[in-house]
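What follows is a short report on a single structure.
The letters A, B, C, D and E name the chains in turn, as written, and every chain counts its residues from 1.
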Amino acid sequence: MIKVEQLKKSFGENEVLKNINVEVKSREVVVVIGPSGSGKSTFLRCINRLESITEGRIYIEGVDITDKTTDINQVRTEVGMVFQQFNLFPHKTVIENIMLSPIKVRKVAKDQAREKGMELLRKVGLEDKANVYPDSLSGGQKQRIAIARALAMEPKIMLFDEPTSALDPEMVGEVLEVMKQLAKEGMTMIVVTHEMGFAREVGDRVIFMDGGYIVEENVPSEIFTNPKEERTKSFLSKVL
Amino acid sequence: MDFRLDIIVEYAPFLLKGTLLTLGLSISGVLIGTILGLFIGLGKIIRNRIISSPFVCYIAFFRGTPLFVQVLIVHFGVVPLFIHETNGIVAGIIALSLNSAAYVAEIFRSGIQSIDKGQMEASRSLGMTHVQAMKYVILPQAFKRIIPPLGNEFIALLKDSSIVSVVAAPELMYWATAMNTQYGRVWEPYLTASLIYLVLTLVLSFLLNRLERRLATE
Amino acid sequence: GTNQDSSGDSKKGGSEPKKTLKVGTDASYAPFEYMDKGKITGFDVDFLKAVMKEAGYKYNLVNVGWDPLFVELKNKTSDLGISAITINDERKQTYDFSKAYFLSTNEILVPENSKIESAADLKDKTIAVQSGTTGQEAVEKLVGKNNKNIKKFKQNTLAIQELIHGGADAVVADNTVVENYAKNNPNQKLKVIADKKAFAPEYYGLMFPKGSKLKPTFDKAIETLYDNGTYEKIYENWFKVKPDVANLKAQK
Amino acid sequence: MDFRLDIIVEYAPFLLKGTLLTLGLSISGVLIGTILGLFIGLGKIIRNRIISSPFVCYIAFFRGTPLFVQVLIVHFGVVPLFIHETNGIVAGIIALSLNSAAYVAEIFRSGIQSIDKGQMEASRSLGMTHVQAMKYVILPQAFKRIIPPLGNEFIALLKDSSIVSVVAAPELMYWATAMNTQYGRVWEPYLTASLIYLVLTLVLSFLLNRLERRLATE
Amino acid sequence: MIKVEQLKKSFGENEVLKNINVEVKSREVVVVIGPSGSGKSTFLRCINRLESITEGRIYIEGVDITDKTTDINQVRTEVGMVFQQFNLFPHKTVIENIMLSPIKVRKVAKDQAREKGMELLRKVGLEDKANVYPDSLSGGQKQRIAIARALAMEPKIMLFDEPTSALDPEMVGEVLEVMKQLAKEGMTMIVVTHEMGFAREVGDRVIFMDGGYIVEENVPSEIFTNPKEERTKSFLSKVL
């Protein structure tokens, strides 16, 4: 499904990703953990080309998205992304947030987009909020709308960048619930998170990153109870 | 100090006509300036230096030289090229528009750049092109933030339009000067004119504040 | 902008020591008063020098600007003004004027190919003038005060530019101004039309604050300059023709 | 179009003198305006309406009327009260200072209000009084943010100082006008003057940008 | 030590605190928990009068701080406060941040303030950062400096408003460590936090607030394992 080969990324002098190799299979849920600044966000952002790539190749369903001839907007419609800061469009209502891209990018008819949007709102448990503006929502609700918005493009893969870090603790659960549901339905997902409970319960694999490298990767049960690397151990001791 | 109300009364109809032209000049200046300014502002944001440099120069010239000179250049240099004669009002509108476009361009630029980067990233991640993201996501939000400084630009233009009197466009200051030269008196015409300007700017500020507040609660 | 120029050693002045007078002007009206390399120059300046000498006053000629000039006199921060100021009834309501010291006739400046031949042809034409000049007065007498066909500029140079660029059909201004310009700029292809019948002569005077005690002294001094030929010399020096002294003397 | 370089050369020393006075007027205007503006800006922030209203009026008047009128009022109304005669340069400095104070006051106000509320709260929670918190915590931070708009105000003042030529203060525009009236030519004096203004403003912008960048990295 | 009697606080129409009664004894550590918007921050801010009080009385060591004649700046020097957003002074170095208030408010001599400041930096493990500016510190380091800054005034009580909520997970530990140390030394503390581990380990008492009321209060072992109120139960089920 996704294949990342020898990915390198520098910001000026600063090499942030140093030779990353990852393969993600269809329907797999990969959780990425690691200390602040280790390159987790940059890694996700490279996958849908929000960052240009310095070296290496990324294939999504066999298509080389690092190739100049690839239509990147097309690629992005297949890769949904959810941000820590939600990034809802504040000048549009919830349903308009969801419908915008299907209508403008996929050229879906308005009615159809709305129908699909309402269905997604039902899925994230917020159909009653269709016509309010994002400002009047709680953080947890905003993030669930952001997930619905990404799903409206019917992506094949979903990328989550710390989707619960900006939330009040009592709202973390509702967002994780939606993500668990998504995983259960077979969505391919890469999730950067500090929610170890989620990683344990839903993750098929956990990747621990530090200093721009993948230091260790393993199934959750192994990595949490029996980390092989010293750095993994010391990190986990702090956050568990 | 004696203050001759009679000559103010005598000139009242002219001052009124002048005020209307002052308003007309400022309104057309800010409207045309806004349209031009949007393009110039977008032009300045372009990363490619070669494309953006004419816009940068435009802004530098119109913000870096006195409006007085710009009015003269437009009046004697630009307008005759098109309509084969000079016309103070046309020159006034053009000069004020070109001048305010430079300021509006900066307002647009900073308005656009004040929108959180996350908005553009979210739009792009949903498959929108840069142009689509600008059109549907960034600009609609920027417009709201642009309204207050745009209003201030309008107020500034209102006062600056007094300079157009040098090319004999019969706006408020033109009639104040006419009054001044006829009677050789300074206070009556200029204090009256400044009072009118003050009323205009205060009313505008008030309306602007209300608009801002309404936008904020929306 | 203070440009000092003093003269007169008060030899005729009489008994009491006289104070130094402050004279205001707006040095932007060639050839009457203008800045030549930083110095106020012009017919008015030379004339003032002669008058002051005659009246026995020391003085400071200060370039205060046109609008300020009137306020200076009204507030009595200046003692008198000289700036090619036309004597008219409106101004007389607020200020006193000396005896006329200059006769100005307005003339019409038009493009060489213009159909305008006399002042009567100016009706319904766009006319550019410098605001506050006799040119403006004359035109307003002709077509009505604040007529919309009159364009008033802060400077004659701008009014003439307007004519050259097609924004006006004619400029009406002092004969000296328009003749000067037409002569110095032959490539602009302009011609000057005189119409003595339509344009009544206008007179310039020294302007004083209302009720100034200086007026009689200066009236007398001007009279003397007319009589002893000094005025004629200064006039010829600037305008290369003889002045109509008889006409001037006839004015009150 | 013929362009007479000879008269520009002839006037060069005067244009230079004028440029120096233009700079002098703007510099003193912005310096005095900054000091006055700080107090007026602080005055406007005061919650008590009765105390703050004169400051509010001051700002409204000086921002709401053309500088042209303000210069005349100061020249004839204010200066003679103190030095018993008119003086174009003194009037110019006072009028520009009073005018820029109104703009600087707004710059200070928004600079102060842009400092995160948490800074004041942290200071108060450490036992500082409101005045101490302003002095040691808020103002030092506000100053940094104020420098860019203050620089822009300086640039604006540089151009606006051309208006002081109406009271015959011999700055740049005054000499351009003198040149214009002596030779009856428009382009040579005004294009030259505008070029000088442009150079001045561009150099200032450049210096300002460097200063901003240095402050940002500090 | 602190006694809060019938405290009410409204913002305009909105009554945020409705009849709060709390007593905190010397050397006691009280943990306040509750959903977002329940009034926790407002409660803390009333105690050092960052918010004016609508009704009721607050006594600190017997002094009525709601009394108009009480010198509130004096009171505030005895009540240290640590904010979620650190609020360090960015234009001053770390040591200057700490020295400012002792010098300006307590009129302590510079040398003495510096000495005391260095001692506090040692206590929070950051003596090597004395001369850097806050911008170059990590979130956890900033918060430890903020604690040192508050301690420099030698307060009798410390208020903490979600001191770890703005931190990356791996930095939470270092801040809690400093707070635990402080508690051990006998500081009286009121801590608003979502860190239930800390509440359990360090808290003498836990107060659960909701909708402007104190719904339940008890020792940690009781409230976490055996909450009496429905609302406490449902809240705890979400965050534990």
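Going forward, contacts are C-beta pairs under 8 Å (C-beta built on N, C-alpha and C of every residue); 3 or more make two chains touch, one makes a residue touch a chain.
Small disclaimer: the values here were computed from a predicted structure and weren't measured.
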Path length in steps (a step moves to a chain that is touched) from chain D to chain E: 1
Farthest chain (mean CA position) relative to chain B: E
Centroid spacing, where centroids are CA-atom means, of chain B and chain D in whole angstrom: 20
Averaged-CA centre spacing for the pair chain E and chain B, given as whole angstrom: 52
Whole-Å separation of chain centres (CA-atom averages), chain A against chain E: 35
Where chain E touches two or more other chains, by residue: none
Per-residue overlap in chain C, given as positions that touch at least 2 other chains: 67-68, 71, 158, 161
Multi-partner residues of chain D (at least 2 other chains): 72, 76, 186
Which chain pairs touch, all of them: A-B, A-E, B-C, B-D, C-D, D-E
Chain C - residues contacting chain B, complex: 66-68, 70-71, 74, 90-91, 93-95, 128, 131-132, 136, 146, 148, 151-154, 158, 161-162, 165-168
Contact footprint of chain E on chain A as seen in their complex: 35-36, 138, 168-173, 194, 235, 238-239
List of chain E residues in touch with chain D within their complex: 48, 50, 73-74, 76-77, 79-81, 83, 85, 87-91, 100-101, 104-106, 146, 149-150, 153
Touch list for chain D against partner chain E, complex: 116, 118-119, 121-129, 132, 136-137, 140-141, 144
Residues of chain C that touch chain D when the two form their complex: 1, 22, 26-30, 34-38, 63-65, 67-68, 71-72, 75, 77, 155-158, 160-161, 180-181, 184-185, 187
